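For reference, the structures are reproduced in the following blocks.
What follows is chain A paired twice: with chain B in the first complex and chain C in the second.
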Partner chain A sequence: MSTANLKMLNRYHVIFLAQSIMIGTGILSLPQKLSAMGYTEWFMPVLFGVVATLTLWPMVWLCSKYPNENLFRINEILLGKVIGKVINLFFVLQFIVFSAGIISNYMHLIQSTALQEQTITLPVICLLLLLVYIISGGIKSIARFCMMTFFITIGMFYFTRWAIEKGEFSHLIPLFNFDWQEFFDAFKKGYLSILGYELIMFYFPYIIDQKKAYRHSLIGIWISIFLCFFTTVVSVIYYSEWQLKNVEFSVLNLFKAGEFSFVERIDIIGITLWVFLILSSITAYVWCAKLGVDSLLKKKRNYQLFLLAAIIFLIVRMPFSREFQEKLFTTSNYIGYMLIIWPIFLSVIYVVRKKKVQQ
Partner chain B sequence: MNRKLLGISLILLVLLVGCSRKELKVPLEDVGMVGIMAFDYIDEKQMKITVAIPQYSPEAQQKTQIFSVATDLVSSGIVEIEKLSDKKIVFNQLRVVLINEEFARKGQVRKVIQHLYRNAEVGNKVLIAIAKDNAETILKGDYPDKPNIIFYINDLLEPSINTAFNPNTNLHDFIYTISNPVTDTILPYIEKLDDKLEIKGVAVFKGNHMEELIKPEEALIIQALQGRKNLAPLHLDLHEGHGEEKLMIDLIESTIKMRSNKSIESPKLIINLKIKGTLSEYKGAREYELNTVESISHLEKDINKQLEEDITKFLDKLKNMDVDPSGLSEKFRMYYDGKWTTKKTREVIGKLKTEVHVETSIISTGTLK
Partner chain C sequence: MPEQIVAKLKKEINDVDDVKLNMIATEEGDVTLIYFSSLIEKMTLQTMVSIPLTNNIKQIHQMAQYVDPKDIQGVIKRLNAGQTLLFFHETNALLSMDTYSAPTRAITNTETEATVIGPQDAFTESLETNISLVRRRIQSAQLKNENRIVGSEANIKISIMYMDNIVNHKNLDDLRNRIDQVEFPLFTDISVLKQLIEDNPLSPFPQYYMTVRPDSICRYLIDGRIVMFMDNSQLAIVCPTSFFEMFVSIEDYYNRWTTASLLRMLRFFGFFLTIMITPMYISALTFHPEILPYELLLNLQESRSKVPFPPLIEVLFIELIIEVLREAGSRMPAKVGQTIGIVGGIVIGTAAVEAGLLSNILIVLVATSALLSFLPPIFLMSNTSRFVRYIFILSAGLFGLFGQMLAFAWLIHHLLSLKSLGTHYMTPGIPRKPSDLLDNVIRFPTKYLAKKTGISRAQKKQPEGK
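Moving on to the complex of A and B:
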């Protein structure tokens, strides 16, 4: 499959794709996920940023060896057709479950705050229809949607004003007040919130200026990291340690701190605006899943996007117990980490089999 | 073909609306929005919940509906109230939670408030107050010159600069202070006097229960120590060699700086308080001398001394009670590696030595010479 004539992402697209995919439901509960470390958690997002910077490099390096292929094809080239296809199928499943997890998480939040007397079936259908609409425009329309999302939702940071006014900055010290077990616990749970930048391995062939892709992606990543850092710091100064541990959606309660003379519950506005952030990250994941399905099937078909949406709907509304759902989503989250490690593994294979697989 | 499909689906869309189920939403008239909730102590297991709901119907004699039930769990109490009420009970408009003194001293206040904090319907701006004797009688009381008990109590407790004294505590503050090992919770304390209510002082908690009632003047010191910028007017009795003098300062700004010696074994805290204000009233021997800069600065020095004395006395009182409502131990936690616990706070407060410096500056004494 040649994509040479499909180069269409300019640098702004690359920056905001990396930025918006990272911010999903994760940031909502990031302070709670890191709470094993107590008040000291506030510098963790910066550490995550450093890790992301380091792990992004092998991804871009690997992709730059195959400027016209996405990761699904690279898998097949490096691992052989059969193993590659099996792995690809695995990736597709992972993306589907992962996006279903994000939707389900967000919908339960909506149900418990904004729409208490309704079932979530209708909102999920609306969300999925929008999703299909955005994806059918291709990666460029997703990138444009990501840019729009950023500028629409960035204003929400104003809502944390009251929390900053009330907060105690003395919570920020002492700085390194944790033991290693708490650190690993926080790292394991928290790093999830900034996943998303690894998708560059799938839209890399569409980037116009591939040589600078690393730099542009980094700008996007660090914008997101700054936002995560800001949220975490505000949460730390505003909450007590008990609250950090027990308030699940800390950002929501930060919004609850203030009010305008004309709006009393800003958290409801915030949480409904959040749908943009959710959409921008799941569209990218589902787009990747669609790409994977394309590479698995021999013939190109038009209905697979709808099929994917239907599968996601079934997973979100499936008649299994909440416990099973939770387990499934947590597992898929941890598999998400594998995608970070995967390019390093592939790079090793590339170096070993260099002569055989060179184009 | 696409056009035909579009046309058909449009027609279907319009026509099929008729088949949809009727929505089961409760209309606004049938919703009872709780404005005030009150908790009274019955015994260890039981409590009495009273709710006040505004009555909008013009035919009703009373402007507020009041229901009370005895229950062991908050939510089952609410179900009981729904049985009594003609409306659906919701908490979106909850403004004030009243807790009677006995419940605050013996009951499970933290659990009850935590239940409300968990509820997504309830905002974080709900004000909490302690009521003397019985919270139910406060709600059921007759206040002929007030529009409505819900507005009245809410406005009484509502933070505003004009209110002379106001230690308001909302849901977030309560949960924050009670769950934070370095601070003890304070709540305003109100009492019913015939046909009006009065904020009598401040209830100080120790752990999860109310410990002591302190006077408004002392509570002002707590607020100043917490670093609040705008304080209520300060009333002072001076005894600095000019006989008995009384004065009132409208505080414009106060800033506080605290430095600790970072040691938990022998904790020491140096407190620097700077206040700026206007002298609004003075009664005493120097009444006719206070028109020169020198005499004012002399008065400022006397005020400093008096305030230093008052604050030190009050801190000693807190030390004897072994509570820390103004979060002084935070200054020691900041330099401590490891988990900070309530026990450590008690230790620090028990051994704390303080050094207080006050710097007053009187900006003006009004426009008359």
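Moving on to the complex of A and C:
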């Protein structure tokens, strides 16, 4: 884990890794999740950006103390082998369930819009095979994929043109008519959409210019925040408050406002093209899970990636009720928040233990 | 002793009937000439060997090389390379003269990569001619060419050319290693060697650039690439190269930058269109008819009303017919081929529509995509687009647009993970240097193009005086 040739992510890779992992299915339903605040929701993404900026700092700080170790190893170093391994196992499970959640959400969306007459079993298998193919290229190939994803999908913003034309800008004011209860509700549900930047704790050892990693990640984060902000503002302009609350995938419905003479339903093209964004997020998560499995097992094995894919497939297609699945995924989403707080906790332990060592 | 050598030689060249042994009486006693009559012109033999031998034998001693007569294998090699051996019976000396003069083809116009503007000469099958075509364009001592022998049975000469002060020597060593590791009996063309030294031999994409145009080769040499020639092969390989360069024609640099940019856009996006058009038809009609506006859908359904197959079968059917026409057309003699191709196309197309086997609109789409697939100047790339299109057609048949996007994601990732001699294949897509973007889909005016591209990883210029 401590060889020099591991360093392979340049600044563009870092920027776009942070950027693309954040954008997944979350942004599709972000306006709905924030809808507790009504029309005032539109500035929330900026607030999320500020929170992300603040929480990124302890992550990078902690990692910069161990420039050649990922979080799994740091856990073992700081918490001891046994506790560390238990926590790592927990993280791996979390990543698996989290990415299964993303896939499941997306595939149900696909089923309801694009593939109405098919079961999703075969598409999920194909998606997972592609996932394994991308991950087997390592973190650098994921980063390059993220970069291409950004440039391929950024064109979709053009589709919001009609929504802006038809929208009502007066929805943006007044700004502060909400109470704290609504604010926390929106914050709790909405912050999920921008999760993903915390994975820097796992690919940090691969970054070449680690001193500037914080700055580069921030650039990526704020690109994503801008995209979220933009879509939220457009949704606020275009929808009524009732629609904001009840239209689940509001961004997709923004596309429906589009009018071309040769294409009727742009949202189908949009949602299928979204597979790039989904792949760029889940590849990173599953890659981290694989890293965790590597750290748990002593021997490195080749089939573990397929094993992870098989587990994800089972979770997505397991014979449980949809309600149970929903519950599982929501829980894993909230556990995702723990990963944001975790480095702060570890930093405290680091400071305490360091003093012990010095005494 | 001399009789023994001759006897040994005779044993080695037994049953090789084009080896000639001529005894000539000279001032220094009898001399036997040994040579391959198939590799040497009679005229050359006369003027270079026979006449001096009988008239001015000193000249022979000045020009010929002495050869160790005991090294039978070396002697045979010299014979195979077209040299004439002179055996002096009285002194037991063995001399050799280079008289190689096998018949070669003249330099002609290029037929596969023709351009309207620019030089018209193309490489031939002779290694010497090809190198001379390059050397007369780059008159510099830094232009090196290394000759090597490949092919364990056939001993074929190849030549690696590069600019010594520009080329990346790590790449060069890498290429040399790869060539050294190749074990293959015979190379009938350089494309065989190319497939053995590519980074990913399983990929459908060509990872080295191939051309028959010397002007194109010189441009790449000056950019710091490595070029390889093979004897008896018209094509030359350029490596490393990128996906984007497969859509670059040398004529782009002769045209105005505006025209060149337009044409490049056409070729580059044409590639994605040709693999996307017919799959779009399948997914729109099979899975998402709601994606089309009412009038267009009506139009499509009307033209498809008699067709008894699902769109996937319909598309595969017509694509196969196009492939058959194309393949048959390329095999038929030129005069028959053109007529049969056109007539066959029209007859099969119109008749199939009238018989209700295919829809009109599909024929338009397939014809367009077939034409688009010929846009890349590199023929291998146009073949690749044919293959990749079938992947897209099948995935569109499986999952509609979603399948297409999955296939697209596969394509993008595959291209991203490909390498050409250790350099990423998608390089100008993800530029190594900002100046790469100046010579991309949009070709900027010529005065901005002086810089080396990032893909060649050329040497940095040494500061003066160091």
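Here is the rule we go by: the second predicted complex is superposed on the first by the 351 of 359 C-alpha atoms of A that agree within 3 Å, B and C clash if a C-alpha of one lies under 4 Å from a C-alpha of the other, contacts with A are read in each partner's own complex, and residues count from 1 in each chain.
Basically, a contact is a pair of C-beta atoms (placed from the backbone, for glycine too) under 8 Å apart; a residue touches a chain by one contact, two chains touch by 3 or more.
Just so we're clear, the structure is a prediction, and the values are computed from it rather than from any experiment.
Participant: In the superposed arrangement, does A:341 touch chain B (first), chain C (second), both or neither?
Facilitator: neither
Participant: Does chain B (first) or chain C (second) touch A:125, or do both, or does neither?
Facilitator: In the superposed model, A:125 contacts neither chain B nor chain C.
Participant: Quick one: classify A:173 as touching chain B (first), chain C (second), both or neither.
Facilitator: First partner only.
Participant: Can A:272 be said to touch chain B (first), chain C (second), both, or neither?
Facilitator: second
Participant: As a test of reading the superposition: which chain, chain B or chain C, is in touch with more residues of chain A?
Facilitator: C
Participant: Just checking: does A:148 make contact with chain B only, chain C only, both, or neither of them? Give me first, second, both or neither.
Facilitator: The answer is second: A:148 touches chain C but not chain B.
Participant: Who does A:256 touch here: chain B (first), chain C (second), both, or neither?
Facilitator: In the superposition, A:256 touches chain B alone.
Participant: In the overlay, answer first, second, both or neither for which of chain B and chain C A:239 touches.
Facilitator: Once the two structures are laid over each other on A, A:239 reaches chain B alone.
Participant: Report for A:115: first if it touches chain B alone, second if chain C alone, otherwise both or neither.
Facilitator: After superposition on chain A, A:115 lies in contact with chain C alone.
Participant: In the superposed arrangement, what residues of chain A touch both chain B and chain C?
Facilitator: In chain A, residues 117, 264-265 are touched by chain B and also by chain C.
Participant: Give the list of chain A residues in touch with chain B in this complex.
Facilitator: 38, 112-113, 116-117, 168, 170, 173-174, 177, 239-243, 253, 256-257, 259, 264-265
Participant: Which chain A residues qualify as touching chain C in the complex?
Facilitator: Contact set of chain A toward chain C: 12, 110, 114-115, 117-118, 122-123, 126-127, 130, 133-134, 137, 141, 144-145, 147-148, 152, 261-265, 268-269, 272-273, 275-276, 279.
Participant: Spell out the residues on chain B that touch chain A in their complex, using ranges where they run on.
Facilitator: 24-26, 120-121, 123-125, 172, 175-177, 179-181, 327, 330-331, 334-339
Participant: Using the touch rule from the top, collect the residues of chain C that touch chain A in their complex.
Facilitator: Within the complex, chain C touches chain A at residues 287-288, 290-294, 296, 398-406, 409-410, 412-413, 416-417, 424, 426, 429-430.
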